[in-house]
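Look for chain A in each of the two complexes below; its partner is chain B in the first and chain C in the second.
Now for the complex of A and B:
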C-alpha cells in the first residue's frame, strides 16, 4: 500500500514493512478479483462478436462477412451521408460556439451562466423528446406556412440527399461537449492578454480571432471535432425517427436480412469510432504531459 | 449572439411546439393527452423506464465505484491508464452496434449462448434483465470516469490523520471517505440514470417492444404504428420524460458544486 502514496513513502525509511500491518494481503486479492471480473464482462462481448462474424456454419473460419460489407447495398451512400453530416455539424458548431465562448470570456462575463444553462439543456432533454418536437414542427409546417416563403425552407431542410435538419439537431446535441472542450481550451491560454496585445498592435477583431486565438486553440478544437464526429457517426434516434438513411440506421435496416454482416459492420464501425477516440485521448495525454 | 439565436430557433421552437401539442386536443386546450400519457400501457412504459434506469444507475454506480477503487489503488500505472482510456471509449459505446455486439454474444444464436448451451436453460437476452446487463456495459465505464478524479482527491494524508487519531478503516470510510465522495458518487449515479433513461437505439435494436420503455412508446406513436391522432400523446409522454429527467438533473448540479469544493 505504501507505494501508492508517494508523499508518504519518502517519509518512511526504505525497507520498512507496510505500516498498516492489520491488512497486508486481503486488498490485493480483492482487487485482482474485481479486475478479472471486469475484464471478462467487458472483453467477452467484443471477442464473441468477432467470433460471430468469422464463424461459418460448418465450423470453419472466414472473413467473408467483412468483404460483404463493402458490397452491401447502401453502405457507401449511408456512410458518406453520415460523414458529410459530421463535417457540416463540426463546421457549424465551431462557428457558433467559438465566438460565443470567446465573447463570454472577454466582453460579457455576466452572460456566462446563461450560456452554461443553454449548453446544459440538451443534456437534460432526451434526444427522443427533442425529435418528437422537431417532427411536429416539420409536420405542421406545411399546414400553416404553405403560402409563405418558409414553406420552401421547410421542404429543403428535409432534402433526403443532405438533410440540413439533422445537421441543426446534431449541433444542438453536440453543443454541451463542444462548449466544455472549447471553454477548457480558452481557460488554458490567457485570452485577455493575447487579444489586448493583438489589438494594440492594430489587429481587427476577426483578425484576432483567426490569427491569434484559433491557432492557440487547435487541440481543444480538434478534440471538440472528434467528439462531434463520433456523436454524429453513432446517432440513431433522430435519424431514424425522421427517416433518413444514415449509417447507424442502415446497420439497423440490414440486420433483418443479413445478421452476420450487420454484426460485422458493428464491429467495423466500433473500430472506426474507437480509433477516433483513442487518437483523441492519447493526444490529450500527450498534451497534459507536455504542459 | 448568434449562438443564442440558433438555440432559441432550433431547440426552443420544437420544445414550444411540444408543450403546445401536449395541451391541445382537437384544436382546444385540454389536459387529456397528459392524463392519457399517465394511464394504462403508457404508465407501464414510463414506470418500466424509470425502473430500469434506476436499477442501472444504482448497480452501475456501485460496480463502477468498486472498479474505480481497484484501479486507483493499483500499483501499476499502465493498468490505470489502460482502464481509463478503455472507459473513455466504452462509455461512448452505445446505440445500435452495442446491441448487435450483445446479440452476437448472448442472443438466441449468440456465440456464448450456443457454446454453453444456455438456450436450453431458458436463457433470453431480450428481457428486462438482459437489457440491464447491456446498459451496464456503457454505464460502468461512465461511473469509473466520474469517480476516479474524486477517489484521486481522497488524500492519503486524510487517511493517515484519521489513523493517527486512532480511527479504524471502517471509521475512516464512514466518517471521512464516504462523506467526501458522496457528491461525486451521486453525481455519477444521476448521469447513469439520465443515460439509461434516454437510451433508445440499443433498446430498439435489441428488444423491439417486448420490454415496455417510454422511449419505444414515443417512437411508435410518432412513426404512426398506433392509432392515428395519438401523436399528441407522444408529445405528452415526451413532456413526462423531460420533467423526470429535469428533476433528476436538478439534483446533479448542486452536487457537482459541492464535490468541486473538496477536489481541488
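Now for the complex of A and C:
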C-alpha cells in the first residue's frame, strides 16, 4: 500500500515519477562498482610498488630509493637517450605517415585497405623475429667492405650514443598506432573538400598540407605522438638484444643489483609518462576548444 | 565588364565504364549567370570540376577568354568556387577564412583584414569575423564561403549546388542574394544545380545536361515554353503528352482545335505538349473526367484527372479551389486557347501523363 501512495499523490505524471527516482540510481551503483574494480586492478600493483620502495627493513619510512635514482650511474644518459629516440621516432613516423595517408585518401582511395594492412603488419610480427632480422642485416657486410661507405653507414647506424637503427625499428613498430590515429583524424574532416577549397584559393600542395590539413589534425597528431613516445619509452626487447643502453634496459640492468631503486625508477617512469600524456592531451584539448 | 568568357570544347571524361562528359560544347558569355541543370550523374558537376582544375578531361579543352587552361593546375586558375558541403577551414575564423587566398598571395595582414571585412559586409555578415565555422549556421557558412571565393576578385565564379544543404527559406533568400551580388559585380558565374526552380529563377541562361551531353541551352522562359527535346520538357516542369490529330498548322486535341507552335511533325497523329497550368478544369457532372489524385501545394493544387478514354492529364488549379476538386469529382477538361507544341508520337496508343518529378 505504501508504494501506491506516491503514485496517487503525483497524479500529474502517473507512473513516471517513481521511475524517475529509481532508474538513474541503479546505473550509478553499477558505475561505481566498475570504477572500483578498475581502480583496484590498476592501483594495487602501483601501491604495492610504491610501498616496496619506501619501506625500510625495520618498519620505517624512507624516500632514499628515489634519491638514489638520480645518483645512479647511467640514469641521465639512458633517459635522455630514450627521450631523444622517442622524439626522432615521432618526427620520422609522422613525416612518413601523414603525407602517405593524405595522398591515399585524395588520390587513390582504393589503396587504403592495402596501406592499412601494411601498417598493421608490425603488430603481427613478433619483436623477437624483427630483431633477429635486424641483427642479421647489421652483421651482413663482410670484413673486406670495411672501408666502403656502405659499411660506414651500417657502423654509424649503430652508434651507441644515438643508435639510428633503433629509430628505424621503432618507426616500424609505431606504424599501426600512428596510422590508426591519423586515419581517424582524417576521417573527422572533409579532406577532399578542404584541400580543393584551398587549391582553389591559390594554395600549393605543401601549403595545403601545412596550413589546412595539419592544423585540423592537431589532436590526432598529438595522440599519435603520445602513443609513439609511450612505445619508445617502454620498448625493451629490441634495445636489449641489440645491446643499447635505453631507459628500460637500464632499469633492467639496475634491478639486478638494487631492487628497491629499480622499482622506484619504474614508478618514476610511470609518473613521467603520465605527465607527458597530460601535456599532450591538454594540447589537443586546447586545439579543440579553440576551433 | 569583370567577367570572362568561358568555353567548353568537346569535353569528354569517363570514370571507369561510366561516361560523365560526352563531348560537351558550351559557351558562357562574359558576365552571364549560366545554370547547369540536370539529374544526378548527368556530368554537370564534372564539367564544373574540370573548369576548376580538380578533374582532367580525357579529351577536349576549356578556354577562358580564349586562353586554353585545360592543363593549368587548380591553384593557378582565376576561378572562385563555392562548394556543396561546408568547406570553411574549421581552424580559422570567418575573417581568416575569407582572407585565406590573400594570405597565400602574401598580402599584409592589415590589408587582408580590411578586405575580409569589406567582403563580409558585402555578403551581409559584417559582425561574424571573429566566429569560427562551427559557431555559424549553414546559411552563414555558405555566405562566408561566397565571400571567400570572391576575395581574390576572380573573373569566373563557380557554384556547386551551394544551396542544397540549406533550409527551404534560407535557400530562397540566399539565391536572391547571390543573384543580386552577381549582377552588381558582373562576374561570369556557372551554377550547378539539380533544382529546376533554382535554375529558372536565377539564371540568365539554363543549360540542361543529360548523360554528359547538352540537351538545350536557352533562357528560362524559352526553356520552359519551348523545350527542344522531350527530355527537357519532362525535366523542367511537368508536361502532359496528349494525343492529337494534325491538320495543316492546327491540331485537334481534347475536342479543341488549337494553332501549332513552330514546325509541326509530318505524321497526322502527334503528341501535344501541354503544361499543367494550361489545362482548364471545371466541375461538371457530364464532363467526362474524374479527379483521381489531388495534391495541395499551397498556392496551387495539382490534380491528376482520368478522362473517358483512359488518358491521364495533370492540371494545376488555384490552391483555394482544392475543396471543389476532391478526388472522385467529375470534371470537364479544356485547354487554354493559345499555340501548343507538338511532337511526333513517341508511343502508340494513349500516352500516360508524365510522372511529376518534383513530388516525392
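The rule we apply is simple: the second predicted complex is superposed on the first by the 224 of 291 C-alpha atoms of A that agree within 3 Å, B and C clash if a C-alpha of one lies under 4 Å from a C-alpha of the other, contacts with A are read in each partner's own complex, and residues count from 1 in each chain.
Operating definition for what follows: a contact is a pair of C-beta atoms (placed from the backbone, for glycine too) under 8 Å apart; a residue touches a chain by one contact, two chains touch by 3 or more.
For clarity, every value in this text was computed on a predicted model and none was experimentally measured.
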So, does A:124 touch the first partner chain B, the second partner chain C, both, or neither?
-> first
Quick one: classify A:196 as touching chain B (first), chain C (second), both or neither.
-> second
State whether A:262 touches chain B only (first), chain C only (second), both chains, or neither.
-> first
Counting only touches as set out at the top, which of chain B and chain C does A:207 meet: first, second, both, neither?
-> second
Identify the partner contact of A:79: answer first if only chain B is touched, second if only chain C is, both if each is, neither if none is.
-> neither
What is the contact status of A:216 with respect to chain B (first) and chain C (second): first, second, both, or neither?
-> second
Scan A:254 for contacts with chain B and chain C and give back first, second, both or neither.
-> neither
Is the number of chain A residues in contact higher for chain B or for chain C?
-> B
Considering only touches as defined above, state whether A:44 meets chain B (first), chain C (second), both or neither.
-> first
Chain B and chain C contact sites that coincide on chain A, given as residue numbers = none
Which residues, counting only chain B, touch chain A once they are in their complex?
-> 1-4, 6-7, 10-11, 13-18, 21, 66-67, 70-75, 79, 81, 85-86, 88-90, 92-97, 100-106, 109-112, 137, 140-141, 156-157, 160, 163, 169, 194, 197-198, 200-201, 204-205, 215, 218-219, 222-223, 231, 234-235, 238-239, 241-242, 245-246, 249, 253
Chain A touches which residues of chain C in the complex?
-> 52-54, 74-77, 79-81, 83, 85, 87-91, 100-101, 104-105, 132, 134, 145, 148-149, 151-152
Any idea which chain A residues touch chain B in the complex?
-> 1, 3-5, 7-8, 20, 22-23, 27, 30-31, 34-35, 38, 41-42, 44-46, 48-49, 51-53, 55, 96-97, 99-100, 103, 111, 114-115, 118, 120-137, 139-140, 168-169, 171-172, 175, 230, 234-237, 240-241, 243, 248, 251-252, 255, 259, 262-263, 265-267, 269-270, 273-274, 277-278, 281-282, 285
Per the touch rule, the chain A residues reaching chain C in their complex are 189-190, 193-194, 196-204, 207, 212, 215-216, 287, 290-291
